[in-house]
Amino acid sequence: MNGPTPKKSWKEELFTIIFEANTPAGRNFDMALFVLIVLSLAIVMLQSIASINARFGPEMLTIEWVITILFTLEYILRIISLKEPLKYITSFYGLVDLLSILPSYFSLLFPPSHFLLAIRALRLIRIFRILKLGQFVREGNTIVMAMKASTKRITIFLAFVLLLSIMLGALVYVVESGVNEDFSSIPQSIYWAIVTITTVGYGDVSPITPLGKIIASGIMLLGYAIIAVPTGIVTVELSKRSDKDAMNTKSCPGCAAEIHDIDARFCKYCGHSL
Amino acid sequence: MNGPTPKKSWKEELFTIIFEANTPAGRNFDMALFVLIVLSLAIVMLQSIASINARFGPEMLTIEWVITILFTLEYILRIISLKEPLKYITSFYGLVDLLSILPSYFSLLFPPSHFLLAIRALRLIRIFRILKLGQFVREGNTIVMAMKASTKRITIFLAFVLLLSIMLGALVYVVESGVNEDFSSIPQSIYWAIVTITTVGYGDVSPITPLGKIIASGIMLLGYAIIAVPTGIVTVELSKRSDKDAMNTKSCPGCAAEIHDIDARFCKYCGHSL
Amino acid sequence: MNGPTPKKSWKEELFTIIFEANTPAGRNFDMALFVLIVLSLAIVMLQSIASINARFGPEMLTIEWVITILFTLEYILRIISLKEPLKYITSFYGLVDLLSILPSYFSLLFPPSHFLLAIRALRLIRIFRILKLGQFVREGNTIVMAMKASTKRITIFLAFVLLLSIMLGALVYVVESGVNEDFSSIPQSIYWAIVTITTVGYGDVSPITPLGKIIASGIMLLGYAIIAVPTGIVTVELSKRSDKDAMNTKSCPGCAAEIHDIDARFCKYCGHSL
Amino acid sequence: MNGPTPKKSWKEELFTIIFEANTPAGRNFDMALFVLIVLSLAIVMLQSIASINARFGPEMLTIEWVITILFTLEYILRIISLKEPLKYITSFYGLVDLLSILPSYFSLLFPPSHFLLAIRALRLIRIFRILKLGQFVREGNTIVMAMKASTKRITIFLAFVLLLSIMLGALVYVVESGVNEDFSSIPQSIYWAIVTITTVGYGDVSPITPLGKIIASGIMLLGYAIIAVPTGIVTVELSKRSDKDAMNTKSCPGCAAEIHDIDARFCKYCGHSL
């Protein structure tokens, strides 16, 4: 601090621009990226609408490929600028960045995979950092951590709901299959049981026999009651966490990990000084 | 207090009548306003029913314009009677009052906008003040404050649900679009994903391929589990707020016991009338 | 306690049989009542099924009238046996008992009202007392008291949801009415908005324009988020109450009120010794 | 412990293999069992799909019978290896094991009952023990215990919802039955009321009269509000329980009960040393 700042290497400069948002260059980079992501998503959606694709198909395809090449370049630059690129590549953001360019290349072989570009939506999560919405990031972290702490219980709960749906689906299949074409097989009946127990209720499949309706009513009441379980689980976890525990969202120069404790001076993933 | 009350200016009189409900004139003004709002809403609804509009169209239009002019006058009087009218104009109530008269004037240019008069429903919030439902207002505030404190978390949660719907919609589009006319484009598929993840389930769009149904089942179970998140958030906020005011603390004249249920008319310890 | 029990008057005897379940006669009376209620409900349901009514119509009508006359006699005896019959007549149980016989008599004038006999289902609440399910009654009380304490907040919340539905219904009406026959009027659109915001989602009415679908998606996400509010309210109330606070379910000889605090020695509604 | 381990009897050996997963033989046994259960479920589902059954019907039937015979043998061995087999037979796992073989034998008399083999899905609960997912078992226990503690309240709540559905169903029947074929009888209307109050909303039955729609809207808002009750109940129960209370999942050699307190040295069901 009290000596002259040592000149940054080009790698460090690149890192600051690409991974940080606290310099003008870094901020402009992030804004351009954000605009590209939104544009890219809009193109993917418009391409899927037959009438629009018929008129502007070639133009949209050109734009999409330009964006894909830019994203590919960005991905390569990110890897180059880091000291431990593997950590980034295997991180959540790294995987999202990779998955955001792959569908374009795969679509050369299997065209419909092209629409999987919608995964680029996940890149929008960066918007929170770009807009310096620190408080949102912190609140988001509280939710994510409560979800993580509840993962095991929620998993068990969903496994339980699935087992229940398998058995109830088979039961209603036995009751309805003879007279109701909707219940054409057990997998179809299980699909119906899930639609019912989660209270979604499309109505594309519904029972017509009195006994089927009675069982269906039981499943609905059950679904109505057990939705309480995941809610209780998450509520208890959330109430354990305090709003106070703020987080440091500065990227680690070593591995690009972004969430550090507020008092952390070294990255807890790679040991690099923050 | 011990000197003669200074005579109020006409502005102060106007203020008391329009903004307060603790004088006979103010109370009458509020009651008349309430009746007009309800009448106005009824007219708007009836106008939208073709058979009724065919018979009473001109009469209803006349009543509506009379009410609109009265509301416009009221809005002007409110502004005149205040010392700092800008505060009112930019407040929630001020905006609602303005938005409640604009659709009538806009409908001269674009007739269907006429039905946006339904926004007058918001003016009914005044009913709580008119009916002196102080306790309801207090409880309402607790809810509003808990909601405000949860706004950031709920926003993040809804943004997350939206991102999820975009990606899952695109995924099911890739799976279903070839064989199912319902999934005609990605935006349409995103609409379906939102209908499913929120457990609404209209059934106007539903998957028909086995893979589509499997993914749909996953989305339903996910939606069934993550509804726990906003619930947990609001519950935690609400539990932070206390409402001690629950009990009747009048002493019993018979035995001086102090805590009685709010509906008790006799002391439950000695039988004395309270 | 240490002297001979004074002979009970016939009124007191009647009271013991009709209102209490702790003597053999009282217990038999309650069991007979329970059987009659269930039989009566079964008859009402079967009468509504055309094919069954065609075959056993007259027989079922006879049974129903016999039960109605028995219930009428029981209602009169209840009034006679009490010292303050007005308290019973205006109590929850008193109103249910009255409403359980009225539809039969009204059906002489307006036949379909006959099916409102289904209100007899409410009489089944007595089953908890008959079966001496004290613990269930206590748990039920905890729920009822938490619901009562939440009534104001839930009312405000539902009023808010209703106002929202009125405005959103009108908004979607403006957007959809020209091209979608489903949205034929504002009341119909409000009905749709309620179906959507509560996540019921019949699908009998659904938007077809892109803008309509976007607004609908917003309403769904809103409904998905604000369901958190009543849940939070009730959870907070329930968590305030302890499982321990048991209740005394002995009927008051003065006014037949049934729920008294465990330490109450006098009825808190009429002051009579318990 | 300080003397030579006494040689196990063949019964004890069998017990270790069948009921424990901490020896190589026991682990292999459990893995084989798991594979058989999954295979069996897959067969049952495939058999229900007409096109697949037409081609591979006899082969699948053969596999199913082989599995059924293996499961029957396993059930007999389990009974033989225990000192107090009755405890196992009447336990949850014992009943599931029995119900998993019965449908095959019943299907000789009543073929469709064959599909009830889906109950074998319940046997998958053993997977948690096989995979040594102790933590999942512990979390699952917390949920199960919270559910058990809430059983009475949830039961009362569901009984209340059912009574409400009976009355509201009958009410809407009176309103709709004349003009709407969907509401053909009171039981059918009750089915509709349950579909609506639980927010499932198939849309196979829906009101068409204005009054019917108003009542339906009320039922939806009610259902939207009272879903708060089971949620509140379970949340309160869950928050009472601590994550810490770990459990001992070693099977009791006397009765095969699996969940014991961490400090238990004797089975609390049969007193056998653990």
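As written, the chains take the letters A, B, C and D, and residue 1 is the first residue of each chain.
Assume a contact is a pair of C-beta atoms (placed from the backbone, for glycine too) under 8 Å apart; a residue touches a chain by one contact, two chains touch by 3 or more.
What you see is a predicted model, and the numbers here were worked out from it, not measured in a lab.
Student: Give the pair among B-D, A-C or A-B whose set of contact pairs overlaps with that of B-C by over half, matching residues by number.
Tutor: More than half of the contact pairs of B-C reappear in A-B.
Student: Working from the CA atoms, figure out how many degrees subunit C turns to land on subunit D, in steps of 5.
Tutor: The best-fit rotation has an angle of 90 degrees.
Student: Suppose each chain is reduced to the average of its Cα coordinates; what separation in Å results between subunit A and subunit D?
Tutor: From the centre of subunit A to the centre of subunit D is 32 Å.
Student: How many angstrom between the C-alpha centroids of subunit C and subunit A?
Tutor: Roughly 45 Å, centre to centre.
Student: Would you please write down the residue numbers of subunit B that are in contact with two or more other chains?
Tutor: Expected reply: 157, 187, 190, 199-203, 223, 227, 231-233, 235-236, 239.
Student: Taking the touch rule as given, give the residues of subunit A at its contact with subunit C in the complex, in rising order.
Tutor: Those in contact with subunit C are residues 199-203, 231, 235.
Student: Considering only the defined contacts, which subunit C positions touch subunit B in the complex?
Tutor: 149, 152-153, 155-157, 163, 166-167, 169-171, 173-174, 177-178, 184-187, 189-190, 196, 199-203, 206, 210, 213-214, 216-217, 220-221, 223-225, 227-229, 231-233, 235-236, 239, 260-261, 263-273
Student: So in the complex, the part of subunit C that touches subunit D is made up of which residues?
Tutor: Residue list for subunit C touching subunit D: 41, 44-45, 48-50, 112-113, 115-119, 121-122, 124-125, 135-136, 139-140, 142-143, 146-147, 150, 154, 157-158, 161-162, 187-188, 190-191, 194-195, 197-204, 223, 227, 230-239.
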